[in-house]
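Each of the next two complexes has chain A plus one more chain, namely chain B in the first and chain C in the second.
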Partner chain A sequence: MAEPTPRVKLPRSIEAGVPFTVKTRITHPMHTGERHDSEGALVPRQIINRFVVSYGGEVAISVDLEPAVSADPYIQFQLAVPESGQLEFQWVDDDGSVYSLSKRVEVD
Partner chain B sequence: MAPTRRDVLLASASAAAAALIPAGAAQASNGVYQAIDEFTGGALRLEGGVLLDAPEIFDNGGAVPIRVVAEGARRIALFNDGNPNPGVAVFSFGRLVPPEATIRIRLAKSQTVYAVAEMADGTFREASQKIAVTVGGCG
Partner chain C sequence: MSKSNRKNGLNRRHFLASAAAATTAVSALSAPTVLAEGRPRVVVVGGGAGGATAARYIAKDSEGAVDVTLVEPSRAYYTCFFSNLYIGGFREWVSIGHSYGALAANHGVNVVHDWAVSVDRDARSVGLAGGGSLAYDRLILSPGIDFRAGSVPGWDLSQQNRMPHAYKAGSQTQLLRAQIEAMPEGGTYCMVAPPNPFRCPPGPYERISMVAHVLKQSNPTAKIIIVDPKEKFSKQGLFEDGWQRHYPGMVERIGPDFGGDKVEVRPEAMEVVVDGEAMKVDVCNVIPAQQAGGIAAAAGITNEAGWAPIVPATMQSRADENIHVLGDAAHQGDMPKSGFSANSQAKVCAMAVRGALTGSSVFPPRFSNTCWSLIGTDDGVKVGASYEATDEKIAKTDGFISQTGEGAELRKATYEESLGWYAGITADMFS
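The block that comes next holds the complex of A and B.
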């Protein structure tokens, strides 16, 4: 499996206290554990099972994911921040790996 | 051609089988009602208060966009009744995030998707929608 690559998109301009859209995606095959490879062997389950976003050390949103989530999991939500700060994203893999991304949010 | 005795017997046998479908269907399901009960602790679910925004027909069952909104919810869970496993995702919202999210999901075949919201007062609300997929997102 290629190393998963996380991506996050924020609007260019953010105002304090006004919700803005956060778009997130990570490249990951999300193996369901139901599929067989070309040799007929079952491909073991390996998914991103948890996604957590924190702002200033406080959990903003967390998501538990099941195999029914598409490959390259895409999650979009709204966020309102009181002031400038650091936005931390974490994706947790079944194999224990944690993929992280950090974004600075500057309010206008 | 007049129906033979055999045709008549077959027809009545399948009619009898059809009458049993509710129980049979519940057994044959992927356990979605049990999964919802686990999420709610068996609490009653009220309709309304949850927006489940999903296409009625979608080409690619491998990536069906689903948006859920439930004003006043602390958690929203998504379930399906036609994949091998009934769970899809559970969103938990902190105070900086309004209870709304969009995600792309896999549907192995045409089926119903459920959104169950746990409200701030501990009650539960539910919305569901049938989604027809042209090409299943095979498991």
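The block that comes next holds the complex of A and C.
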């Protein structure tokens, strides 16, 4: 399987204290553990089960994902930050892998 | 080419039209009047699904009463349709190549292998790159597409060996397949998809399916990225469902929501820059924005978007009644730019041209199209419709599309139907 690719999209300009939209997505097949392959064998469960975003070392949002979530999970949320800093994104795979991405936020 | 010159100059067609209007008894005699001056001449520019079909039908059905010349630079024609199946390993290269020999031998078409580079609409003649010119009573332009300069910053034709488009079938298609086969293990194939409108709406996404099919076998950790300026695309639900079933986790599409509409490429560094962020890739398939093939603009019959508006019932240019435009180059309304559409339009056009030049019967035009796509082995899908000519445009009357969740038998039958169609349309063009 190809290595999952995480992506994050932030607005071009961000103001201190004003909520903005964060769009995130990771490529992942999200195998539910209920499906069979073309030979009839059960495909074992393998999903992204947790998504965590922190800002300046503090958790901003934490999401538990279940097998019903579709492939390439897309998560969008609103965030307001008091000052410039570093946004850290982490996606946790059933197999223990952690995929991460870091984005600098500069407030105007 | 100016319209004022044309009005002042002698115009035999206008004279005949007014003579025919004066008395119905004369109209039946107008065709022999033309014949008395020598056979009417039709020049067709472009030997693809539109041009080859039009040349063949006019020559065949007029039984020698019309002199038909086809101008096409390629000696062997490789069809753009099914070229993705070559990339996927489902077709041999030779199986999508065709010769113009039968058009000349069986139907008397004068096949000229040259580039048409200019049109003198007042003198009604076409200039060739080789220096000659061809006079016409009716000109049929079926030049396909050209790429819009500057639509993908960093890319131009000088870079097409590093970053192939492979969107006109030929050496580019072979190059792209060779590059995919040479990708390093776990490497990245990137496609920069075109904005609307463009040739073969499902084409880029069928290509993604075929690239995934090849990589799944030879290079299963490889990645495929589509950088796409469009919100949505043809048969999207069917393709995305198929990609998850056949190639889970392999295909990622970066739409405008993630900056796919802000792309540039750096061919020397093999980088694709999406919304300011550079990605290193191993193969980059750039399919630029498109417009009508250059001869349409040279003839002065294109609109601001670069396509040639036509009258639906006859496929005549809205700017010049002696010129017809077929296929991808035409701005016609609801039909997709496909080989099937061009072939369908060519038959309507051929009937209209024969009617105008020889007085043969002209029936109400009917158009149809189907676009098949192969997602994986024996997993074919299709979308299609019927169309009618209104004053304004070629308008869709009813349509159909494959559904997700269809059984394997139906998908296999759909793929086999496409094989039959390919055999049929290529015979309709070249036999």
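In this text, the second predicted complex is superposed on the first by the 108 of 108 C-alpha atoms of A that agree within 3 Å, B and C clash if a C-alpha of one lies under 4 Å from a C-alpha of the other, contacts with A are read in each partner's own complex, and residues count from 1 in each chain.
Please note the rule applied: a residue touches a chain if its C-beta (ideal position, glycine included) is under 8 Å from a C-beta of that chain, and two chains touch if they have at least 3 such contacts.
In this text, all values refer to a predicted model and were calculated from it rather than measured experimentally.
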State whether chain B and chain C clash or fit side by side on chain A once the two structures are superposed. fit
Per the contact definition in the header, classify A:69: touching chain B only (first), chain C only (second), both, or neither. first
Can you pull out the angle centred on chain A between the C-alpha centres of chain B and chain C, to the nearest 10°? 90
Give one of first, second, both or neither to describe whether A:4 is in contact with chain B, with chain C, with both, or with none. second
Using the superposition on chain A described above, determine whether A:19 touches chain B (first), chain C (second), both, or neither. first
Return first, second, both or neither, reflecting whether A:55 touches chain B, chain C, both chains, or no partner chain. first
Output check: A:29 vs chain B and chain C. Expected answer is one of first, second, both, neither. What do you get? second
Specify the partner with more touching residues on chain A, choosing between chain B and chain C. B
Rounded to a whole Å, what is the shortest Cα gap between chain B and chain C in the overlaid structures? 6
Using the superposition on chain A as set up above, list the residues of chain A that contact both chain B and chain C. 71
Chain A contacts chain C in the complex at 1-5, 7, 9, 23, 25, 27-29, 31, 71-72
Please output the residues of chain B touching chain A within their complex, sorted ascending. 62-64, 80, 83-85, 87-98, 100-107, 137-139
Spell out the part of chain C that touches chain A in their complex, as residue ranges. 186, 220-223, 225, 244, 248-252, 254, 257-259, 275
Which part of chain A faces chain B closely enough to touch in the complex? 19, 32, 34-35, 53, 55, 58-71, 73-81
